[in-house]
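Note that chain A is present in both complexes that follow, paired respectively with chain B and with chain C.
== the complex of A and B ==
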């Protein structure tokens, strides 16, 4: 095999390629949540995203010898892959609702909007010039894009479950960003974040149950009606 | 003189590229139909069935609707010419560019494929048959939304190689395994694969079984053609499928097994490798055909928007130095 021709961009190292690839996979799953119509599918996508971030944590821990991240990975598997999806699925089973309520936009326009918002995130975070000690700078851009797309998910979809899942996914984006900026963050802080998530789950669970009892649906559109 | 020492003249290799696509294209369709049937528990048609169908159509008489213009009869020939031109531009058999290969880049090949699709649409429109016209107008509408996806894939290629020649990307991909697993490349290849599912009229966009139904797009266009003209259109559509497969396989995903010189053995092995790889890809597409439902017509935009998202993300990751 001859040398590469002029102008050929050198590929990233396999570590950078793998970590960026995993981060981008999280973003792609986030886009999948935008498209998912079944509420159960959305919870599963969240679990898949959490699996990916746990794998990413293990990869970083192994390749860059940051042993704290093993602990983080273990905690996030327990909480975000097992506990949170189980709670959400149980709630869903109780409400007997399977299909998400109407959205403010069609799926295609929603995806285009999210692409534009993600582009903004990419360009904005490129201006920071922040490069973490263990992860390539592009993963920070992806993390910002995940956070922004989660906002789109929460704003555009009009059901309580999507909004809860959007919030949880936002936490995934934030913890990806924290891995880039401060991978060696003391484990206790990371765990505090995760328990914060647990509190959010409880709050959202109560919200979903109360809302479903009062409105007989998971759609938030009914909330705009005046009650005398 | 041993077999290994026989070197083919370059023009012969160039002609072989076109002939390989021309002759094996219907067979790939046969493989897909066969695998699909086996997965459904049926025995399925012979792999060679598409050839028998073509032979049968060539023996039938040709009819044209009253009032159809000359475009109606010229379109199958023009489309076939286009499909015979594109294999000159892409690495079908060889790693090294053949003399005519730099006549056009990826965009040039895209234009020629688009011209073929355009003349078929004009022919369908000239028949006055509502069904063919419906197919033509749908095909053009959805082609307009898949176009941006292809453009962004080309941007990815351009950012990676500094050019948009198919041979250059294939060479880059062969250079190291890191080039294949880089995120941008994977995303672009996935987006291209989704476009190919759309362009070849496969599930989840369209059923490919030849039954008439309202959701038809590509398959509705040759509705009024018959006899040898219909045979040419059918043959052309299988060639378009194989050309797109070759672009995906030999440029993006697996550009191995190509001949690095013009010896008879190398070129022969390259032909066999191409048939094998295309059959594998076809089997993969048959699995998709059997595991998903057809999307409703208005949901196709969602499918395309997903492909667009992948292509755009691929450009982003490259542009910001991550991919």
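== the complex of A and C ==
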């Protein structure tokens, strides 16, 4: 173990390449969520992103012998790949709505904005010199980019399901960051965090249903009564 | 003492479970259980006061020092008074078709909400603190939506989304704090607060700086600091009134408690300048925004919500002054604000019930119509405007004196000016509601001169007594507790 040497000239080790690749894959999926028009597709993309982070946890657990991460991977598959998407898909079946509402920005400007924000996060995170024992520093930069793009997703999309998914994706970004800088975080705390996510998902689902009953759509464009 | 800590973390949960029991306890038993849990929590918090003034009390991962004892006391006080007030409040909801379900959910939610808020300051662990604050969010968001109105649903959605996103940032802060702690204390570090404070200057400065700013923005979302306060007026105005009182009086304070812990860590690691600068900017902007919105506010409960933004700004500014006097003022302010804002919302709830509107323009002649509530509401507003002889006068005086003492002349003067502006807005609206006689129009004459419920008046009398005690002569043990808390914020432990 020990911090990985990040040589400029030397090619990265296959471990560094694999883990960074998985992290970047998460970011790519995040961009897919940003653009997905079908709400169902967005939920599936979230599940895919959760699969990738679970694989990453297994890779780290195996290659760097951090056995706690196996447990974390198991819990996160159960919760983020199975439970959360199930709750959301059931919700979509009940509300009988397929297509997301209009966005605040066109696709092109939205993606450009997200790219700019992601680049900002990517370079800003390097300034803090945070490095973890098990993952290359570049993965932290990717995690910060994922968090920031999740914010773009929550801001730009105008329906409650996309906004909720944006929050769950934000949590995936934070999980990735925690694997980089806090790989040794006691498993019990990680599990409590995940349990907390489950509670949040249930509450989000309840409030989405309440919203749907009141507004008879999933769009947030009617949420303009309270101001001042 | 350890039993007291455990009991505090269990009693409200028991009341919630009682309300949830499938056997369907009769409704009065559920409300009696909630009141009993509230009063018990208050007694337990009072028992903790002398103990925590003498030094930290710990039991496992529960730990109470003088700072956390203050926040527990404020929360327990509001829990007890709100539980009593809720009995009267729910009597006015009897006409609802789904009353049985409504009242059950209300009591479950209220007890769970109080439980999470009491647990947050009890936790000697940044991760568990974060989780407690997150639980307060999800429970209170459901309570905001409880009335089942369209506006309630809108407020709840905005609240849960904005607050959860904020707490996502706070979770990043927690993780960065872990990384900072683990780099000094080894990988077995579990995010306990005391060792992190002990490690102080050895912590890596850039990580601590990052964690502090993330914590101020993240937890600050729940405190209601500008510019992440936007959920606050919506949630406070649309929630059932007892919930508004607890949101404003204790939830914001408990979230500020989390900021205060990160402030302690940051000052231990970096010295005071950086964290104080950050808090001063957020505090001043919050105070400025609140003062502006208070002037022409048309909705009674939003008026009180912006007053909460004002007072949270004052807490941030007081902390930023960094003087022992100002720290003592901040801690006293937490207690006094809980009592005063609780009373103000209790009074507003009675007004809203009597007039069936939150629109300030349509609330007139309160003094003619509500012989008890109107004067008590007036006293609460005067207390919120930091008029003597109430507790907030003393606390704001201490804060300003601390600011002047540490030669922060401009911020101290700006604070006084903005607080005066806020007073103007609050007092104009209140004068119109209470003193301007009701116009003779349809519906106005039919109003009876009668209080809706004695259950709603009694907690306000208790609140006024508490405000007077805090303002005129705080008991010696409480003064000792506040002094000890100020010393802990100074860096002594």
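The rule we apply is simple: the second predicted complex is superposed on the first by the 214 of 228 C-alpha atoms of A that agree within 3 Å, B and C clash if a C-alpha of one lies under 4 Å from a C-alpha of the other, contacts with A are read in each partner's own complex, and residues count from 1 in each chain.
Criterion: a contact is a pair of C-beta atoms (placed from the backbone, for glycine too) under 8 Å apart; a residue touches a chain by one contact, two chains touch by 3 or more.
Nothing here was measured: the structure is a model prediction, and the numbers come from that model.
S.K.: Chain A superposed: clash or fit between chain B and chain C?
M.R.: The answer is fit.
S.K.: Angle chain B-chain A-chain C between C-alpha centres, in steps of 10 degrees?
M.R.: After fitting both complexes on chain A, the angle is 150 degrees.
S.K.: After superposition on the shared chain, which partner residues are touched by A:35: those of chain B (first), chain C (second), both, or neither?
M.R.: Only chain B is touched by A:35; chain C is not.
S.K.: Could you look at A:171 and tell me whether it touches chain B, chain C, both or neither (first, second, both, neither)?
M.R.: The second partner, chain C, only.
S.K.: On the A-aligned overlay, A:141 touches which partner chain: chain B = first, chain C = second, or both, or neither?
M.R.: The answer is first: A:141 touches chain B but not chain C.
S.K.: Mind working out whether A:107 is in touch with chain B, chain C, both or neither, as first, second, both or neither?
M.R.: first
S.K.: Give me, in Å and rounded to a whole number, the least C-alpha distance separating chain B from chain C in the superposition.
M.R.: 19 Å.
S.K.: What does chain B use to touch chain A in their complex?
M.R.: Counting only chain B, the residues touching chain A are 159-163, 168, 171-172, 174-176, 178-179, 181-183, 186-187, 299, 301-302, 304-306, 308-310, 312-313, 316-323.
S.K.: Going by the contact rule set out above, which residues of chain A touch chain C in the complex?
M.R.: 127-130, 132-133, 147, 151, 154, 160, 163-164, 167, 170-171, 174, 177-178, 181-182, 184-186, 189, 192-193, 196, 199-200, 203-204, 206-208, 210-211, 213-215, 220, 222-223, 225-226, 228
S.K.: What residues of chain A sit close enough to touch chain B in their complex?
M.R.: For chain A paired with chain B, touching residues are 1, 4-9, 11-14, 16-18, 20-21, 23-24, 27-28, 31, 35, 106-108, 111-112, 114-115, 118-119, 122, 126, 136-139, 141-142.
S.K.: Quick one: which bits of chain C touch chain A in the complex? Just the residue numbers, please.
M.R.: It comes out as residues 127-128, 131, 134-135, 138, 141-142, 145, 148-151, 153-158, 160-161, 164-165, 168, 171-172, 175-176, 178-179, 182, 187-191, 204, 206-207, 210, 233-234, 237-238, 293, 297-299, 302.
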